[in-house]
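Naming follows writing order (A, B, C, D, E and F), and every chain is counted from residue 1.
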Amino acid sequence: MKLNGKKLLVGAVTVSAVSSPALAVSADSAYIFNTLLFLIGGFLVMWMAAGFAMLEAGLVRTKNVAEICVKNVSLYAIACIMWMLMGYNLMYSGVDGGYFGQFFSLWSPDDTATLVEGAKVDPTGYSAGSDFFFQMVFVATTASIVSGTVAERIKLFPFLAFTVVLAGLIYPIQGAWKWGGGWLDAAGFQDFAGSTLVHSTGGWAALVGALILGPRLGRFSKDGRIKPMPGSSMPLATLGTFILWLGWFGFNGASQLALGSLGDAVSVSNIFVNTNMAAAGGAVSAMLVTKAVYKKVDLSMILNGALAGLVSITAEPLTPTPIIATAIGGVGGALVVFAVPFFDKLKIDDVVGAISVHLVCGIWGTLAVPLTNDAASLSIQLLGIGAIGIFVTISSAIAWFALKTTVGIRLDEEDEERGSDLAELGMEAYPEFGKGSQKF
Amino acid sequence: MKYIIAIIKPHKLEPVRDALAEVGINGMTVSEVQGYGRQRGQREIYRGAEYEVHFLPKIKIEVAVDDDVGDQVLEILQEAAKTGQIGDGKIFVLDINQVVRIRTGETGIEAL
Amino acid sequence: MKLNGKKLLVGAVTVSAVSSPALAVSADSAYIFNTLLFLIGGFLVMWMAAGFAMLEAGLVRTKNVAEICVKNVSLYAIACIMWMLMGYNLMYSGVDGGYFGQFFSLWSPDDTATLVEGAKVDPTGYSAGSDFFFQMVFVATTASIVSGTVAERIKLFPFLAFTVVLAGLIYPIQGAWKWGGGWLDAAGFQDFAGSTLVHSTGGWAALVGALILGPRLGRFSKDGRIKPMPGSSMPLATLGTFILWLGWFGFNGASQLALGSLGDAVSVSNIFVNTNMAAAGGAVSAMLVTKAVYKKVDLSMILNGALAGLVSITAEPLTPTPIIATAIGGVGGALVVFAVPFFDKLKIDDVVGAISVHLVCGIWGTLAVPLTNDAASLSIQLLGIGAIGIFVTISSAIAWFALKTTVGIRLDEEDEERGSDLAELGMEAYPEFGKGSQKF
Amino acid sequence: MKLNGKKLLVGAVTVSAVSSPALAVSADSAYIFNTLLFLIGGFLVMWMAAGFAMLEAGLVRTKNVAEICVKNVSLYAIACIMWMLMGYNLMYSGVDGGYFGQFFSLWSPDDTATLVEGAKVDPTGYSAGSDFFFQMVFVATTASIVSGTVAERIKLFPFLAFTVVLAGLIYPIQGAWKWGGGWLDAAGFQDFAGSTLVHSTGGWAALVGALILGPRLGRFSKDGRIKPMPGSSMPLATLGTFILWLGWFGFNGASQLALGSLGDAVSVSNIFVNTNMAAAGGAVSAMLVTKAVYKKVDLSMILNGALAGLVSITAEPLTPTPIIATAIGGVGGALVVFAVPFFDKLKIDDVVGAISVHLVCGIWGTLAVPLTNDAASLSIQLLGIGAIGIFVTISSAIAWFALKTTVGIRLDEEDEERGSDLAELGMEAYPEFGKGSQKF
Amino acid sequence: MKYIIAIIKPHKLEPVRDALAEVGINGMTVSEVQGYGRQRGQREIYRGAEYEVHFLPKIKIEVAVDDDVGDQVLEILQEAAKTGQIGDGKIFVLDINQVVRIRTGETGIEAL
Amino acid sequence: MKYIIAIIKPHKLEPVRDALAEVGINGMTVSEVQGYGRQRGQREIYRGAEYEVHFLPKIKIEVAVDDDVGDQVLEILQEAAKTGQIGDGKIFVLDINQVVRIRTGETGIEAL
């Protein structure tokens, strides 16, 4: 997104699409098409907030379901507010090849340049609000990733405080490096819709959070046994995954940033196809791999696999052919099946598998860009992954530690036992269903 | 009177109810329980980690009967609930000291 | 909506957007853009029917969940049919500054004027069907508001009969006053997307219904204690809220009624941003207020708060800057936290908080218009609120009473105890989960 | 879809919409509009996969909920992959009035003809990817229909193998006959969006599957009694229905295949209206009929009724007036209420009523086309229904039998008793809720 | 000591708890059960097929009391749980051999 | 034989099961119940209205044992289930009149 001088890449062929003038799209029409793409993409990505909420509500235990719903609604709201208060301008205003834009600068739409009489309209332009809206929902996605990992044991307000920092500082600063036109963009780093900028960023923040927070009580016993804590509702987790899958068409498709020309229309279409095929590849590969490795098919892994496919294709959903996109997603789906028990073995407790999905596959997807896009080089991709990884890790560690040593981030043991719903909300998510919060 | 507690396999509830109805036992209380015995739980997998679920779903039937039909009821229960497979369950017989029907206040065998 | 002579308001600046002819949008393209906006807006608002269904299914007790699903599906269906049979033409055909349009006039699309050869296409035009579709889903929203308030004790068919009257008469008549170009429009009343016309209308009808119907058994004990009856599924309520949030982009965004010019594209974008910010403001403010007042955060209040923000911005989603929109929504979110226990104290039993959300914040939002829109005056806004409030209150009271005295509107006690699902449907919503329908 | 020489039918009037050149839509803009219609329609239909998943998850018993989620995610993924690997080209490439296109031909987008400099853009054109994407989601729908019918007793992998055959061979071959421009198209068969091609095809495959697989254990007792097995979650089933209803706007609306002219904009709008009215008619009629016949209103029947209305209008959503569309849907809704117990009486065990909804109403909808569309004749409609019915029945029977005699398609009794979730996945869908999987 | 098992209608739990509290019985254990007796289940309909649900939701109360309040408790229970309608439920009284409070190890009447 | 009913805190089930297994008690039946005693319920809030939930989730264990291990089982149960906090629960011991294993028809101590 926000790529200056983006080449028109369709499949693997570079063409220049110029219709004869009489048939061409007028500048105003193009502007409207571009704006509309952002609006449609924006509402689809906004919808992903519901997807994360349902996925996480399905994967936590009953006693923490209401709390995870609170977190997902309020983190989305807070991320939006922070984005307006300071995030947008920090990421996009005056980065100029540097490290960040304007600090503490309230965003407000300004389209007067477009709307004054006689203005020459740029056919690659779009309204300020549509751009803001679309970029905003990306921040929310980043924040959503964290909530799943640290669920069932983190306190509500410290978590939300972290969201403030993530949405107001960490995300926009690293985002400025690439999409804001900062130094990484200048270096040639490629990340079409955010395998690294959105997903790995969320993943790193989640990983650091999980390490500092520690695992849930009883999750890893002293004798080395791993105790699974099955999620409370598989259909909600499935619904969440479908919502995310749907939202991803907006996430990747509208990251083309334009629909005002034939070339853009073709590109957006191909992105839709590739996005879908990568998810399909991820789901099928996770299914086959779990069946092969564990003899049983694991639904939660298939869901993670579909998401893994989506994350993997996000860095470059345009240049691969559909079959290659399927393969890139398929590798992601397989990766996740091994990553989940791997983090378990490290005693990193990730309730919903967000680190495996968003961090591991975010890295994989970013590394896979040079396979199909000649503008990318493996070394620059590694540079981007590394730079952003280090920045996000350090800055989140500071934020988590600051919270830990001041207000504390973890529920006390008794509260964790009876569940965050009773402890922090004084209510139950399903007051008339099962009382026990654990299989026995 | 006897208080008979039977732990049976869930799908055996219907035959048991029908068999008891045939001998005129038309009252009982049932609940969902989980059991553990010679038949152990199953291994389940969740996200790559295997674990044992120790308990299996069972149905608990509680039925109060007059002393002189107690043995007949035991037999019927055993027959109707039996599959011959491990995990068929147990029947426990306890003595009842007193019974009251709430609606009428009747006690003893009248209350059933 | 349906505003004649709508000024182009973008942010707070009035500009006239006229591109140089060569670059302008052709009339046909504009027509298609406008139509497309209605279609997209329409399907998003239709989706709100699912949102109400899930919100209400989550907030009623298990024993009434299937019935509330029946109500939500059938009220939507009935509202659509009534809209076609008589509502549309009653609201929009030949109102001419008066009080209503044509009675009992079946709607059918007629676009021949546009489609005849050589017709001069109006660039602010749109297809008849797209307009009908978009307006139709608004009626359904109004009807959905009522069902939540009167849940758990009303009989199914009398409720549906009320829906017939609401969708066929009450809604279109008051709607004609403003959007149909009736007397309130002439008077200068401002209600962009229906804080008053849709939400307060639903809210008044719900309030009158709740009063005539009485509270659920045991809800208010004689000694003045209030007995909460917690909803059966918090994640469904959360899902419903997210669905409504998403749908609201269509609700408010497409109420711009046009996308065929740069100005419209900018306006729709700003509406999207403001709509989202108001919801975010409402959610955050409800969270903070519940925490401050009750020491606990209440998920159901946060959900209500987000919706309160949305209702509050609906009367004027275009003119505020985003930060003002956040504030308008934030006030709505706070209002709802106090309104809910207030109605409890009055022993008005509103199962899902619809009166607090839609009526209270509908009024607030309508009153807030003059803050940012100079075309509105407080006195005219009060006139509109009052006139519509009186009309809807009286006409719904007549309808509710007529139903009460003829067929009866309330389940008998035993049916209410065992739940409307068993009583009216002979089935259970969750046959294998908890049997008890109350916490004990 | 894919109709050559499609007439512009608006309501029942045939007009030719040609604006004066200055106002007309440029060819490039038209191309973008058409592409956008496919993309929007495509993501809406993709969303139907979630609808089927939720509907089916709500209508199976607890012990089979996770498995049905696995099936719905993976069948969608597999259908997409098969469509790319061979389905698309088998259905659309070089059918030329015949019986099928190219076998085993991998699809990949090719828009170079459009994008080369100086190309003359066809205003009815669209990008290859958008078309592929839209058609792909139709295949997935067909496959979803089957999964509901055969739920709770079929083994996972044989089911998925059937999906491979259905999506890779059966669906595209019969699809080629009409939409691929094959012999049925030449004969004048009319099926706008697939009452027969999609819904009946899925229905036939499901019916044959149900017959070969046999009913669930205990469903029909030897003494002729029918034992209902109530679904585990009515709100999920309701959600699924709303999702499908929403998706259907894409299903039918984008089957207009173009949005680049006034006539197309009008047509798509009217299709939206008719689609909605038919669903409303189906829901209301199912409600009234169940109330009349059984004295109780049955939610699951209302849901089926809405879907029945949608299936019924799918063969011709354009030509009816809205009131006729309501009636066509209404007949569908009534049909389903009688079809469900009818199949029960035949001891055909259809867990979710998919045969009644998709096959019965698919036939009804196809037969209803001549009522409003003069281009259709009853005899040719019967020919199409019959030809496709015979082909799908025989080819699915071969596939099901082949699977049955080789790997077996049915869970063994013990696995069926304890549920497919434990048997095939080793997990539970709701581990903390009700343990029993049956009402007792 | 006596172990009193009462099967009552669900909405009667609150009055029963209050009534027992008034005479100083401040401990009990309850669970959701399903019952079948003179009051039969209801006919339900699902997708056009009628069927009988045999069991009705009931609440089971278990309360251990000292012998000398046993009769009083019985009376209170009966009164508080009574609606006079069929299906009000039963009370069963069993003898307790021993009681232990887990927290302290106290036994006998001290443990309650 | 003895019928031992123990009401314990939910998270104590696992230690109890392990402790009993160690002395060879490999069968039991458990269910989810709700209890009320010295440890009262909690205040919850819903939509601005506070209310008391009187009952707390507990687990009920039922285990039939031979008379001569009864005391040992009691001790083990008490030890394994104890947290020392209020609400740890109670153990009730009842006399069993008869036991039958459904699968085999064995009775008495053989049936366990």
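Here, contacts are C-beta pairs under 8 Å (C-beta built on N, C-alpha and C of every residue); 3 or more make two chains touch, one makes a residue touch a chain.
Please read all numbers here as calculations on a predicted model, not as lab measurements.
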item	value
Steps needed, at fewest, to go from chain B to chain C via touching chains	2
More contacts between chains, C-F or B-D	C-F
Centroid distance [mean C-alpha coordinates] between chain F and chain D, Å	53
Computed distance of Cα centres, chain D from chain C, in Å	32
Euclidean distance of C-alpha centroids - chain E vs chain F, Å	18
Junction residues of chain F - those touching two or more other chains	30-32, 34, 44-46, 54-55, 94-95
Shared interface positions of chain D, touching two or more other chains	26, 29, 36, 40, 230, 233, 239, 294, 296, 298, 300, 425-428, 430, 433-434, 436-440
Chain contact topology (line, ring, star, complete or other)	other
Inter-chain touch pairs (all)	A-B, A-C, A-D, A-F, B-D, B-E, B-F, C-D, C-E, C-F, D-E, E-F
Chain B residues within the chain F interface of the complex	2, 5-8, 31-38, 54-55, 58, 60, 74, 77-78, 81-95
Chain C to chain E touching residues, read off their complex	417, 422, 425-428, 434-438, 440
Residue numbers on chain A that touch chain D, as the complex places them	10-11, 13, 15-20, 22-26, 29, 33, 36, 40, 44, 61-62, 230-235, 237-239, 241-243, 245-246, 249, 253, 259-266, 268-270, 272-273, 276-277, 279-281, 283-284, 287, 294, 296-300, 302-303, 306, 321-323, 326, 430, 433-434, 436-439
Interfacial residue positions of chain A with respect to chain B in the complex	226-230, 290, 293-294, 296, 298, 300-301, 337, 340-341, 344, 353, 439-440
Parts of chain F lying in touch with chain A, wherever the complex brings them together	10-11, 13-14, 30, 32, 34, 42-46, 57, 59
